[in-house]
């Protein structure tokens, strides 16, 4: 990794809930071999998405649904919380971080798409959501995606939602930053009219600043979140898929502790083993 | 550092501010001889400091109309500094300088006007590199003296002819030899019809064969009655054209004398030493 | 542009490549006088073009051991160019140059070795600005002659003493006066124990008071039997030290003669003209 | 080649914006830099101090940080709204102006002291000394280094890619959304920049030869 | 510097100067008050926005980011100097098969935007199998090749700025070409170009901030992260100010070293103080 990685280990006891597997062996997985060799797992996450992948700058604590999922996977591979190094990777460099081997796997609102499958493999999906809109609380004009004409819409560079806007809402002006938090800042500063991305992410933000931000409309696409892996590591992929499939109620517990606090009920999706 | 009121040297005459408003030098005719002998440049009690360094020490010097004064002295003795204070390219720390009876103005239009009356020729020629020879000479008359361009250029061509570079009028400075450039610089100064001309080592940047072509012009100018202050190492010129030689060392005027007297019988040890170094070969 | 085979001037003797391998000049003793008179530098049929410009035209010149040849001529006549072709700082377009019987190598180690045998003193001194005086003089012996540093520095100090700047050995070049720098440059060349010394206007960048201190060193060197080719405008030096004066104009050797004969009775019009320009003042 | 042809819209859009950024920033930087440069050589102490402070702080701040401040900091100040493109132009201009100012200043310094003295000695007042003698010569000396400043500006426009301006530097992001290999797009972008810089460098040499003051 | 353009001031000029001084100071004051007022009004001085810097973890991460910036700078600077020296020597070679490739390398890398170089390294190469490229390697490599090319030109200009007499004097005492270059020319060229070289080092330090675009977690990256912390009121401006101060401080230290060196060299007569240094300095931003 780079010399200045920001890899604080997750603090707090929320992780102790996952039982760390012993004597795991995944023969034929180069990624796993690398983890074992360095006795540490490096996980790519987001750190600016409240309730999904978030890191409190003051305390260093990482919280959120994705972080929990990532920790769960690590535990299943035999790595305890103290053997995890989290690395914040913005959307735009997810593929290169995986391809370069900077990280072992990536858990961070990573939608499974065919274009990305050219470069990386996905385990999962482990969550299904859809594209939504975040606007200022006092915004009366934008009620759903149908009102986007002529509006300035912000999303992360290289993300699926921004591509969707460009392809299907051609009259909309797009603004791109490499993290969603910058988009949310731009929204509060009035530089853009709406932020679009997966509703799950937007809900996280709205919950942080309910006086100024609100999520409008119904999700208008389907996004399946997967775990990003190095292309060709079928063994690791199968292992994670098994974990998701046979995890009993772990998934539900994770959800209830994080995103579920917003009140929305969601079922764990079926993994796509193909 | 006020002037302390005593004098060194022999020219102790205080300036007699005159009404002489005529140009001392007309390029086409000889100077008005009537004014000869009136003080034109009067330097009195001048001190100059560069920070701590005392570059000019109580300098007193009077140059009368039509006089040719040669200033010599070792390197660093303040010759250039003296020369440059006379048209205020350097300010002075104390003392007074009068040109044609008027105190050297401190700034603005008055200073510019005075400078136009004091021609200056530099060691390194300093022709305006981006203007042709003709433009170099005509620039002052047009911009400062407000003459018609056509007139000024005509006059400039005549001056260039006179100093022997008429052929080169349309070239750029860099295309001329050093000797030619220096003659243009003289023409440029003359074009302003100055009352006095200052020369600061005008030949020391020149190749030996070119020295004489410049000195010849200067000798001729002296013969025509131009008032001149010349810093130079050319003893031949001093002998042929100077009315007086001023010897400086370490910021002071050590000795003043007629050229023959000075060269054959210097009074001070420093002058003797300096001359012996110069003349052995 | 092959050499056309005819000669101008008086030294027509073809080089007789000699076995003289002794250094013509030992810094501590007088030169071996036995070799005196053998041709040391033979320039024959040399042509030099700068693009279209014909800078040297069929130059033929032989300098024998112990001889002092002064080259004079107007600016741009090719004096420096000739000087510089002799140690191949300039390449030649045609003709041949022999040093001590050997053809001037074209490149590489052989050329470097030859250059070490030909001392050169430049108008602008060209001391290595980042090295002390002592290092300037010792550099060549250590790096080229592969002598021990201690030995080389000892020898360097002796040479510096000889040219009168022994006190300055540990200063940097910029701290010295021009005259002192030029004497160091001479010492630097001598430190290589050269067979012949080239001087390209060694005094023309100097203040007048310093010219003599350099010329004195050169006169002494000449008296000790060093073979020298000197481009200079110092007629005094030519008279006192030269065995022969070579007059160049427009890239050609116009005239060669003994100094007295040349100065009192030049043959060509161009030499007459040139001398008259130099000597009038 | 396919990458280029299939996504020609992206490349043209990207380079169009690059050129917009470049030309507006160049003009503003020239004006602003001229003012700062004049401050830097002014005889008035406080003007010199202001000029020096501006140059020293901005020159020692990464362009990326200046853009960061413009794109994210400025909107927080509740001043009139400015688009990201214009904010990028402001950042580039503010940054480049310091180099313009320094280039002008050293251009003036290349004019030998004697030129101003000779002008004064024939009685030209300050204004004419500047306009007739110093500036025309400084102007010629300034052209080559000024072109270098503009070449650098051209390359620096790519930094705006990180701040929501769709210019050449951002083409790669759009390409990877379309599933194109990054390297091919990036190499094309690099190639176009090399060509553009080549054109500017050629112009620089042309102007240099045309304007050179022989001394 | 000013003596060139302006006559020594007389009494009237001095009065005018005083007046202008007053006017300029007043204008600066007004501008300053306006900016501070605007900051104040929009809550930029609220303690909530600044309190984030009181947490040890935040301070540590700022420190770590500073170290990351300095690391990229230090490694990039050393490698650029080495590469620059090699390329400069190559470009001055007499052999065309050395000179031409060096020339092309220099010209190509100088013409490519640094950001594009970084992107090529970090986003372009890994899919082709160069998987060892970390953000650090990408940043340092890009800084090295770009600034190496620029420095090569600086060294060359330094050598060319030397009076031709220096090399001629070297040849005249029998030094070989390589000896002339290493003993006479390069030492002087480096001295002569020292201000430009250090200015280029400042550029390397500044350009390391581009690293955030390839996720190298240096100072600017940190500023962005801290600036979007909602629970501290999104202290973007405070973060930019803090990081800006760190950058300006680091660059000023470097520039200070340069001025100090320059002054030392000027005082010691060992250097030719070349007036031309500034003219030949290729401005690189």
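Just so it is clear, A, B, C, D and E label the chains in written order, and each chain counts residues from 1 on its own.
Rule of thumb we're sticking to: contacts are C-beta pairs under 8 Å (C-beta built on N, C-alpha and C of every residue); 3 or more make two chains touch, one makes a residue touch a chain.
This one's a predicted model, so the numbers in the text were calculated from it and none came from an experiment.
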Chains touching both chain B and chain D: E
Joint neighbours of chain C and chain B, given as chain labels: E
Higher-contact pair (C-beta pairs counted), C-E versus D-E: D-E
Geometric centre: closest chain by C-alpha means: E
Cα-centroid distance, chain A relative to chain C, in whole angstrom: 82
Cα-centroid distance, chain A relative to chain E, in whole angstrom: 38
Where chain B and chain E are represented by their mean Cα positions, the distance between them in whole Å: 49
Euclidean distance of C-alpha centroids - chain A vs chain B, Å: 85
Touching two or more other chains - residue numbers and ranges from chain D: 72, 76, 120, 162, 176, 182
Residue list for chain A, restricted to those that touch at least two other chains: 96, 178, 182, 185
In chain B, residues with contacts to at least two other chains: 108
Touching pairs - complete list by chain label: A-D, A-E, B-C, B-D, B-E, C-E, D-E
Of all residues in chain A, those that touch chain D in their complex: 92, 95-96, 114-115, 118, 154, 157-158, 162-163, 175-178, 182, 185-186, 189-191
Residues of chain D that touch chain B when the two form their complex: 112, 114-115, 117-125, 128, 132-133, 136-137, 140, 213-215
Chain D residues touching chain E - in the complex, by the definition given at the top: 41, 43-47, 50, 56-57, 59-65, 68-69, 72-73, 76-79, 95-96, 99, 102-103, 106, 108-111, 113, 116, 120, 126, 130, 134, 141, 145, 148-149, 151-153, 155-159, 161-162, 169, 172, 176, 181-183, 186-187, 189-190, 193-194, 197-198, 201
Chain E residues touching chain A - in the complex, by the definition given at the top: 52, 55, 57-58, 61, 64-65, 67-68, 71, 122-123, 126-127, 131-136, 213-218, 224-232, 234, 236
Chain C residues touching chain E - in the complex, by the definition given at the top: 87, 89, 108-109, 112-120, 122, 124-130, 139-140, 143-144, 171-175, 185, 188-189, 191-192
